[in-house]
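Okay, so subunit A shows up in both of these, paired with subunit B first and subunit C after.
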Partner chain A sequence: MSKNRAFINFLFRISGVIAALLFTALVLLIAKANPWEAFSNIFLGAVSTPIKIADSFVAWVPLILATCGLVITFTTGLWNIGIEGQISLGAIMTTWALRLLQDSGLPPVVIILAGFLAGIAGGIVWALLAGMLKFYGGVSEIFAGLGLNFIATALTLWLIFGPWKRAGVASMSGTEPFDMSIWLPTLTGYRLSIWSLILAVVSVLIVYFILKHTVVGLRLKAVGKNYKAAIQMGISPSKYMLLSFVLCGVFAGLTGAVQVLGVYHRLIPSISSGYGFLGLLVAMLVDYQIVWAVPMALLFAALNIGGIQLPIMMKIDSTLSGVMQSSLVLFFMLMDGVRKKILKKEEEQSNE
Partner chain B sequence: MHIQLKNIHKYFGSVHANNDVSLTIEPGQILGLLGENGAGKSTLMKILSGLICKDSGEILINGEEQDLKSPADALRLGIGMLHQDPHDFPSMTIREDLQIWDQRSGRANHSAVDWQALMKIQEDLGFNLDLDGSVGELTVGERQQLELARLLWLGVELLILDEPTTGISASQQEILFSALKKLAGQGKTIIFVSHKLEEVKELCSRAVVLRKGCLIGEREAPFDENDLVKLMFGRQITRTRTAHAGTRDVCLSVQKLNIEDFRIAIENVNFDLYAGEVIGLAGMEGSGQRQFLQALAGMKQPSSGHILFGDEDLFGKNCYDYQKRGIFYVPSARMEEGLVPGMTLEEHYILSDCEKRVFIDSKKSHKVTEDRIQRFNIKGRAVTFSEELSGGNQQRLLLSLLQDPAKVLLLENPTRGLDIESTNWIWSILRERCQAATSIIFSSADLDELTFYADRILVFFSGRISEPLDSAGLDEERLGRMIGGKD
Partner chain C sequence: MNEFLTNMAGVIAAATPVVVAVIGETFSERSGVINLSANGLIVLAAMTGFAAAYLTGIVWVGLLAGFLTGAIAGLLISFSSISLKQSQVAVGFILSLLFRDLAYFLGTPFMVIPGPTVSGWAIPLLKDIPILGPLLFDQNVLVYFSYILIIASYYWIFHTRQGLVLRGVGEQPISAYSRGIDVNRQRYIYTALGSGLIGLAGPMYSLSIKAGWNGTMTGLDGIGWIVLSITIFGGWNPLRGSFGGYLFVFLQWLGLALQSYWTNVPSQVLQVAPFPLMILTLLFVNIGDTEWVTRMLATLPRGVRGAFYKLFRFLRKPPPASLGVPFERE
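Moving on, here comes the complex of A and B:
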């Protein structure tokens, strides 16, 4: 019976993926493009050369870092839409630390570490703001996050065009790039840094460990699943939800720091690159299981990188990857809803 | 409107909520529907108003069989129900609220004639609602008047009122009763669901009593109160009391406690809870027992008064402070408020472990889990999810999570929905705790359970609390009368 059910669940999942592919194909047909050609271009664009594979990992690092944070807030039953702003604040703080220390003569390692720590602090502050708005102001974390995202964007733009503008003329391309000595070292010939890869893997392990093997992780889960029962067990939901925001802020801040230290080497207007929102999709798609988020985030990262091929090869906008990613989530969740409805009906019938 | 119910059956899972109920109601009659909690009153009325579907049986309206699939169906036939919680739109004006409900023609704009009709209904019944006022600013009684006027405006011929006097003032009750009498005089059929004998006596020309899903008796006015009480609660006492373990050491002293809620106000409660004592809270559901238990657990802040625990006044402290002192509340809604769905038994035990630690000690938690499952006789395994357990086993799990030793346990309907065996077992465990000087306060709708397990009983009626009664010399009839607001 349970084996049978697992198989049915699997079938539903697969059918969600197939439906998403069909839907994307339909969109392509409407755009008068050959779906097969587009799919193969995306695939080749992500894996055809070692450089492209490495690029997929470059995109994977911030995506999985953001997802790490989001898995924690989702576990606690929180919709941390404000992740984008938290990433931006991380990036801003990292940039600030680097600007402050770049001419100090300190060893680059120290400056880079300070950059990471500042980024973490930025993420935490912005996440805590959302949490405090929720608990002390009664503002839903969704709206608080949304508002803080706008403020973070405005703050970024102001810094780029105001106090931190490039010598000469300010531009959308961001602040003055940092000296190469304080970049996260990359593998020769690639954009990928082994350090950011290690950071991502360690983060995944930490989140996995917290949620599986610590009492705090279990309490976060209890608060998310039934906060009323948590109260009876002596767990204060507001305390643990704030903690959850803080933990998420750590990973969001790291995401921003990696974007500055390892990818752009400066502050740019869209420094978060939408990885926060994409992370929301990844987390939902894997039912908030961090282990499954690892391959799923890689798939999404590969779609992002592969999509770059589309305008070059077929003159289709690269946002098609976004269509695929989002339809994947929508159909996946739709099929899951259908599955649950059918199971419920079955149960009711077997009860009678 | 002539209503005939024939052999109505309704099951919820294994519970037979309505068992072969047959009932005829003549036009112009006010019928009282009596019964204790869970007797099946609401179920029967929900079936008649289309909110839920019967499993079998027939509903004849003016001699014609009707299949009621939704409240809209029922409304079309002229059946309207006044629910315990107002079904209205607090953010709208009264005029908008009325328009929303009027789906007779799909119109959004009502003519002056429609509004005149409504005003006339209002006037006749002695209501005074401002059509352009906001629904949210009305009192519970006025919202009820709005609903009543709305139903009549929509042409309802059969009015069902479910515990309509809960939460309304005495003067509003007077207006309501005179309105109902007038309506009956105009030939409308009225069903009045209540557990308050006084009201039934004052208002109804006929009363039927449900018990455990069956219609067990029918009386014409004038009613004999004792007779009705017997019908509602009457059954043989099968268990004999055991000597209680109570001492005379005061464990918790409640003084001049006032608890306010949007629904109910409990005033000036005074009593001492002795160590090892069991106090039972009797009364119809919603008479304030839940608010009272929650106030004693710090889950709900009383508005004034003292809760003395030893030398300390716990008034104003939060529930975690109470828990630290060994005072625990166990809610009646097990899955909603007590247990965490999607978590295993073992995870529950880890969470309720009060020892401070960072990492999960799986060796210890395995042992604790196996131990508790065995001791509390839970039919489940360490990896079973809490929602997969049966009701009785969920209750056992809930009790097994409580710290040992506890000072005070506040149990809301601890044995609701459980069979005799589970009930007895749970009480044997609770009694064991009393031997270790734990005091218990529990609420229950079961008179047998109250008189059998409680040392003293507090009777709740609309937020009023009686003096503590010794359950030893208490007869159930008197208790029944008190629950119904007599004596």
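Moving on, here comes the complex of A and C:
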């Protein structure tokens, strides 16, 4: 019976994937493009050469870092839509630290580490702001987060066009790139840094450990699962929810720091690259299980990288990747709903 | 003075889609269903509306297409949350991203081409009223429609039997059910209609205020989130919500007007100036409900306390009690 049920669950998951692919194919047909050609271009665009595979991992690092943070806030039952702004603030603080120290004569390792620490601080401050607005101001974390996202964008633009503008003319291309000595060292010939990969893997392990093997993790879960019962158990929900925001801020800040130190080497207007929102999708898709987030984030990162080929090869917009990603999560949820409905009906029948 | 009047008439016109979308969201949330996809939906409906109007050459077809885009989205949200019991917030958020990307992907053939627009029409006689005439009655049909919508929706929600049913469904679905009301049917209908109005806001931009479709440069990304916040600010009341919409656009205009005085502030910053204000207003609206404020107020002398309670009651309008909660017959 249980084996049978696992098989049924699997069938529903697969049908969700198929539905999403069919939907995307339909969208492509409406745009008068060949779906098969588009899918194979995305696939080849992500895996055909070692450089492209490495690029998928370059995108995977910030995505899984953001997802690490979001798994924690979701565990506590919080919708941290403000993650985009937290990433931006991390990037801003990293840039600030690098600008301050780049001519100080300190060894590059120290400057890079200071950049990471500053990024973490930025992420925490912005996350804590959303948390405080929720607990001391009664503002839903969704709306506080959204507002803070827009403010973070404004702050980024102001810095790029104002105090940190490039010598000569300020432009949307961002601030002056940093000297190569304070870039995260990459594998020769690739854009991928082994250090950011290590950071991502360690982050996944830390989040897994916190949630599965510590008292704090247990309490975070208790607050998320049953708010009232948590109070009766003597756990202060607001304390743990604030902690959850802080922990998420750490990973969001790291995401921003990696974007500056390892990818763009400067501050650009869209420094978060939408990885925060994408991380929300990944977290929902894997039902907030960090272990499953690892391959799913890689799939999403590969879709992003593969999508870059679409305008070049087929003259269609690369936002198709976004359509694939969000429709995948949507159909997964719909299929999950259908599955629960059917199972419930079965149970009712067997009870009768 | 004349120039100021023209500007204010512009503010009223520019606020029209916001007001219509806020009323749409208000209807949906009053019935207990939150449509969190509004941000992507407005972008998508702006694209489908423009495309339909461009292909047929008829403006009305474009407006209808925008409304239908919204109504279909509303049905999808009701289906997933009412029939499949999935989280409204989760599905709404996914849809907001999906709709936005769909709009940018499918809208490519309609980029930067001139299309039909809604033409202005001053109402005879009314337009000659001093001040009010040029301000309110020298606009286009969409703006006049919004005036009627504001009054009609307020009257519908608070002064009709159907409005009473709608509020009951959002507040106390179980007692509504025991009075023989089909709760889920009501929710389906109001979410579809409300989301249709949110969708209508799309072509109100692409066929009038920001005519045309320019992909990511259309500048509509963000408006839906504002609409959701203003719905809260408006306390789920069409009159207060509309006031919020006008106020928001007025502040945006003020930001741009002040730009000529603050030349060293980049325009991007002034364009987002309303967002901190949005947070602040939500803060004022909600802070009276928090634990620490309640505790602090308890220590104050009775007279002062009473004044504060009155202020908070004025600011704070509680959401429909069953917002986001699926209805189960026991």
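Some notes on this structure:
Quick note on the criterion: the second predicted complex is superposed on the first by the 352 of 352 C-alpha atoms of A that agree within 3 Å, B and C clash if a C-alpha of one lies under 4 Å from a C-alpha of the other, contacts with A are read in each partner's own complex, and residues count from 1 in each chain.
Note that in this section a residue touches a chain if its C-beta (ideal position, glycine included) is under 8 Å from a C-beta of that chain, and two chains touch if they have at least 3 such contacts.
For clarity, every value in this text was computed on a predicted model and none was experimentally measured.
Considered on the superposed subunit A, subunit B and subunit C are sterically incompatible, since they clash. Once the two complexes are laid over each other on the shared chain, residue contacts for A:Lys225 go to subunit B alone; subunit C is not touched.
In the superposition on chain A, contact of A:Lys341 is made with subunit C only, not with subunit B. Legend: residue contacts after superposition of the two complexes on their common chain; A:Thr153 is shown touching subunit C, with no touch to subunit B. In the superposition on chain A, A:Val329 makes contact with subunit C only, while subunit B stays out of contact range. By the touch criterion defined above, A:Val215 lies against subunit B but remains apart from subunit C after alignment on the C-alpha atoms of chain A. Residue contacts after overlaying the shared chain place A:Gln289 against neither subunit B nor subunit C. In the superposition on chain A, contact of A:Gln102 is made with neither subunit B nor subunit C.
Note on subunit A: of its two partners subunit C and subunit B, the one contacting more of its residues is C. With chain A used to align the two structures, subunit B clashes with subunit C at 153-161, while the other stretches in 27-35, 153-161, 225-233 or 279-287 stay clear.
Shared interface residues of subunit A (contacting subunit B in one complex, subunit C in the other): none.
Within the complex, the subunit B residues that touch subunit A are 13, 299, 319-320, 323-324, 328-331, 336-343, 347, 350-354, 357-360, 401. Residue ranges of subunit A in contact with subunit B, taken from their complex: 213-216, 218-219, 221-222, 225-226, 228-236, 351. Taken in their complex, subunit C has these residues touching subunit A: 36, 80, 83-86, 89-91, 93-95, 97-98, 100-102, 104-106, 108-109, 215, 222, 225, 228-229, 232, 264-266, 268-269, 271-273, 275-276, 278-279, 282-283, 286-290, 292. Residues 27, 30-31, 79, 81, 133, 135-140, 142-144, 146-148, 150-151, 153-154, 157-158, 161-162, 277, 280-281, 284, 316-317, 319-320, 322-323, 325-327, 329-330, 333-334, 336-338, 340-341 of subunit A are the ones touching subunit C in the complex.
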